[in-house]
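Below, each structure is written out as structure tokens.
Both of the next two complexes hold chain A, though its partner changes from chain B to chain C.
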Partner chain A sequence: MSVQTLPEAPSPRLESEPATARPARRGAGLSRWVAERGILFLLLLSPVGALFLGLLRVVPTRVGYLAIMLAFLATPAWVAWRRSASTDPTEPAFHLHRYALYALFPYVVFSVVRIPMFYLFDAVYWAPWQTFGFGSTGNPVGFWPSLIAGATCYSLQGFSLSMGFFVLFKRHNLLNALLYYFVFISSLYAFVFPVLLLRGSKPGLPFQFINYWAHFWMALTAVAVPVLLRRIWPTLRAGARSLTVAGLVVVWVAPYAFAFAQAHLWQFGTQARLERGAFQTVGLQAGSTATLAVAGDQARYSLDLVFGPREYVTYSHAHKVLGAEDVSVSGSLLQGGNRVALCSGAARSLPGLAKVRDPEKYFPALERINHTAIAVSCTGSTEAADGIDPATPLTFEYAADMTLTGERTTAPHQLSGVAETMLTRSIGG
Partner chain B sequence: MTTTSHLPAGPRPRTGVLLLFLQVPLAAVVGGYLLDVVSLPVASFAVFVSSAAFPAWVSHRTAVSKDPSEPVHHLHRYAVLALGLVTVCTVAVAAASAVAGVGSSGLWRGLGAELSGEPSSGSWALLAGVVVCTLVATCTVTSAQVLFGGGLGVGGRRSPGWPTASATSSTRSSARLGHERATMGAPTAQGVVAVSTASRSPRTWGGGAETYS
Partner chain C sequence: MDSNDYWTHVGLTTGFFVAVVGPRLFSPGHAANSLTYVVGAAVVILVATIARYRTNAATDPANAGLQSAANEKP
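And now, the complex of A and B:
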């Protein structure tokens, strides 16, 4: 071993060293850090970067995932270059394959320790997976494709965050792990999910508790796995190794198996039941007033039917609105048993919340459209209009056909009713 | 004139894995766009998952490989060269399209629209399409260099034992630091032969398996 293999010791500063040399050395140290760790960290965090690009609305959500495509070849090329150019054996590029192995577990344990929280707080930890799946593929939430795609996205993000710890820190000790996972990532999570991601949910104390609880275990795992694989593993005998591998496999599979089993056995069925219940609750209410406009020999009456309440709560406690498509309304206005006008109205679809991406604006928007007005127009003769007694309410008989849509369920639906409405304003034509 | 003719050896298993990784973007586009087996966003998950495993594989191979001619040691050079070539071609195609109306951005836009879900007439779809096409082309050209030797005829691929700049620095650093790749610079038997032929002939390719003069 030559002298150059020894770790670089801090050189005593010479009295004659010029003051300008210090900033220059600091700059060199920074650029060296960037080359050794900074760029690799950024490249490895491309799945998280992709998510953030979409969440912060820098680019459309699915365009954000191009960041991973850009990193696909750039990362291995960078690793190959650093391995050929670097003279520092502690540089992460030399250990990336081992770090990749270590990084397989912290993010999985992050979910394993959230399984008890599902029973304690009814926190569905795989619900954000479906949001990720929808964001990356466009497949609707509440179905297998979005769940599987989202689980993959979540895994990639968790893996890259775990890799970030091993790349960013030279010493993979408990203090650094707690700083990275328990302080930094938890704080980021506590901000990002409620402010940018969790639309329709009201994360409270349980959310924050689970956040810090799970990241704490993530930190412990990030420290424990290298110890297990580098120090303990070589001392184990064949039987103990088999048991260890089996244990690691069980830990790795558990959160996915649990989430998929819950989704298959309970979530999808419960969600469908919740939506069918919401379908039965929703109704049409006629507005209390109608407006008459006379043009030539035609009298036109304008009135509203209010469709609602559209709000319902999903299996994962998200507040959503029922959709209604191909709405077709027919009816008639009557007074004293005489038909005054024939009515019709139509709407291809009612406004939804798909475009409301800001969780802060979500609930006000939901409140606005919880009861949505459908415009109905009635046409009758001017003679019939002349005979209307303004002091007597008109009877509005209506029937509506539509297709109701929830997260999982789509069903044709019919609503009908009779209401009394006052003719409050007449406009001569 | 004497001809030393050896048939080019097929890609070694380790090169095969590297090639497999490099083909993932192309496979995603073929499966998700051209053949429409799954949707393109779903197919692109193959790229996403590979993006986690690919650097780890490169790191692993460069750590355990004792053969300095193994393509994984030169991946950065191959990738940069491929990207340069693809960029020039892309700019040329774009310029031809803009100036002479030759070709069109239809493929880029179609690909980008399906991937991003944005309207094909918009700039996001165009950007997405250009990125995907560039990635596929760069990976394909890199694959060609991995398969047939780097350099694309510009300088040619160095034969085993003929230390490249990177191999030299690796060897130097390995020797100096007692690093895990300390044996990397040691020439293999094949490498020794190739050195002798390389010194006679400037045209050596196929990892030194075939030389001709």
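And now, the complex of A and C:
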């Protein structure tokens, strides 16, 4: 299948032209390309540019999206100027309305063909939408606001990439479409998503297969839509046209309807169940040693409680950590049934992974905080401390109140336990 | 392949390499992803070059003369 939606541009070979004139001609050709296609491409690519500005840490992600607003203002002005200044009827500025119509479909088909992959590989194709939504609005992943905002960002990005194809290339044929979507964008996607975007995920072969699979169909769609709308559409009768429009509407709505229905019917409930399961798994373990310091008539014991494991896996197969807020610990140190100190500890919140933006650093950081120490301080009298037998372990009874937080769920939680701990070091006592 | 389209392919692959991929090329844990981009970009440039060469050969006046001579053979 090969479609040439624009006439073949003449490419005269100036054999008699002196060699010194060629660099000047190349420079003029580049200037012309920048004016006709380059600047328009950059303006139309602003949703992708905004994403890259954030991913490359040039500016905060939400500031990056301001680029879309600037491009939104600048594009009509630029197009209007090019239409008045240009004498080339093949210049994209004259065909934007058609290109905008064509570009509505490739990125939608990109997601339509990922619906079967959801069943084959359990690949949640709308999970990156929620990441985009979080990046652009700050709304937490796993809720409607981030999903809707993310779907909008995804649509803008997909539309702009499709517009890029129609604006950049003169020939909208299968070879150019395959090289642009199937080879170039797939290869870029295969690099950018794991290296810059997918925090907490381990994309493997299914991710790469789906990447190339979906971009392949995107290429076919980019070639097929102009054929349908320019060649086939004029030959259709009224009934066939109605059916065609209905079919295009179904194709266009399908990936959004599927994602929103899955999110509403399954994802949010499943995610909440996963988090409640993680809440039941997490525990508090006392450290094996305690340190004693005597100051005046007070004996102070320092020890740690370790909270974990905090790691859990979300519906979208992302590895995350449970949060804990307003942690309040109370307890006692005992020996031989006698209380030697009263204990307390508190933490407003435990460290999280929100600030780890580099996927490469994500899993090492998760490993570090999967078990998080909470400092506990116990206070008793020096008389009681003097009576401690260092060879006999102390009994540490503890209870903790906290609020556990997952992606969707927040719940009060209590943990308690009894552990034996050795007094290994004594300072001034 | 049209000259504009050829240079667009070359410009896109090299431009994104310089701006995005190159600074992170073969960063720890991402050798396979880096290789995927490099191979993809190489395929784009190679295929585009072949297509451009074939177009040039087909539109070259000398080749066109040979072609028309061949067509005129009984």
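One rule holds in what follows: the second predicted complex is superposed on the first by the 409 of 429 C-alpha atoms of A that agree within 3 Å, B and C clash if a C-alpha of one lies under 4 Å from a C-alpha of the other, contacts with A are read in each partner's own complex, and residues count from 1 in each chain.
Methods note: a residue touches a chain if its C-beta (ideal position, glycine included) is under 8 Å from a C-beta of that chain, and two chains touch if they have at least 3 such contacts.
Because the structure is a prediction, the values reported are computed rather than measured.
Colleague: For A:S187, is the partner it touches chain B (first), chain C (second), both, or none of the two (neither)?
Modeller: Touch partner of A:S187: chain C, not chain B.
Colleague: Between chain B and chain C, whom does A:L66 touch in the aligned arrangement: first, second, both, or neither?
Modeller: A:L66 contacts chain B only, not chain C.
Colleague: Return first, second, both or neither, reflecting whether A:R171 touches chain B, chain C, both chains, or no partner chain.
Modeller: In the superposition, A:R171 contacts chain C only.
Colleague: Identify which of chain B and chain C touches the larger number of residues of chain A.
Modeller: B
Colleague: So, does A:A35 touch the first partner chain B, the second partner chain C, both, or neither?
Modeller: In the superposition, A:A35 touches no partner, neither chain B nor chain C.
Colleague: Would you sort A:L248 into first (chain B), second (chain C), both or neither based on which partner it touches?
Modeller: After superposition on chain A, A:L248 lies in contact with neither partner.
Colleague: Touching A:V195 in the superposition: chain B (first), chain C (second), both, neither?
Modeller: second
Colleague: Touching A:P145, do we find chain B (first), chain C (second), both, or neither?
Modeller: In the superposition, A:P145 touches chain B alone.
Colleague: Between chain B (first) and chain C (second), which, if any, makes contact with A:A272: first, second, both or neither?
Modeller: neither
Colleague: Which chain A residues contact chain B in one complex and chain C in the other?
Modeller: Overlap of chain B and chain C footprints on chain A: empty.
Colleague: Quick check on the complex: what are the chain A residues that touch chain C?
Modeller: Within the complex, chain A contacts chain C at residues 8-9, 11, 13, 33, 37, 52, 56, 168-171, 175-176, 179-180, 183-184, 186-188, 190-192, 194-196, 208, 360.
Colleague: Using the touch definition up top, name the residues of chain C that touch chain A in the complex.
Modeller: Listed in rising order, the residues are 1-5, 7-9, 12-13, 16, 20-21, 24, 27-30, 33-34, 36-37, 39-41, 43-44, 47-48, 51, 59-61.
Colleague: Note which residues of chain B are touching chain A in the complex, please.
Modeller: Chain B reaches chain A through residues 21-22, 24-25, 39, 41-42, 44-45, 47-60, 62-63, 72-76, 79-80, 115-118, 124, 127-128, 131-132, 135, 138-139, 142, 166-167, 169-170, 173, 176-181.
Colleague: Under the touch definition given earlier, write down the residues of chain A that touch chain B in their complex.
Modeller: For chain A paired with chain B, touching residues are 1-2, 4-5, 43-44, 46-47, 59-60, 62-63, 65-66, 68-81, 83-87, 89, 93-97, 99-101, 136-139, 145, 149, 152-153, 156, 159-160.
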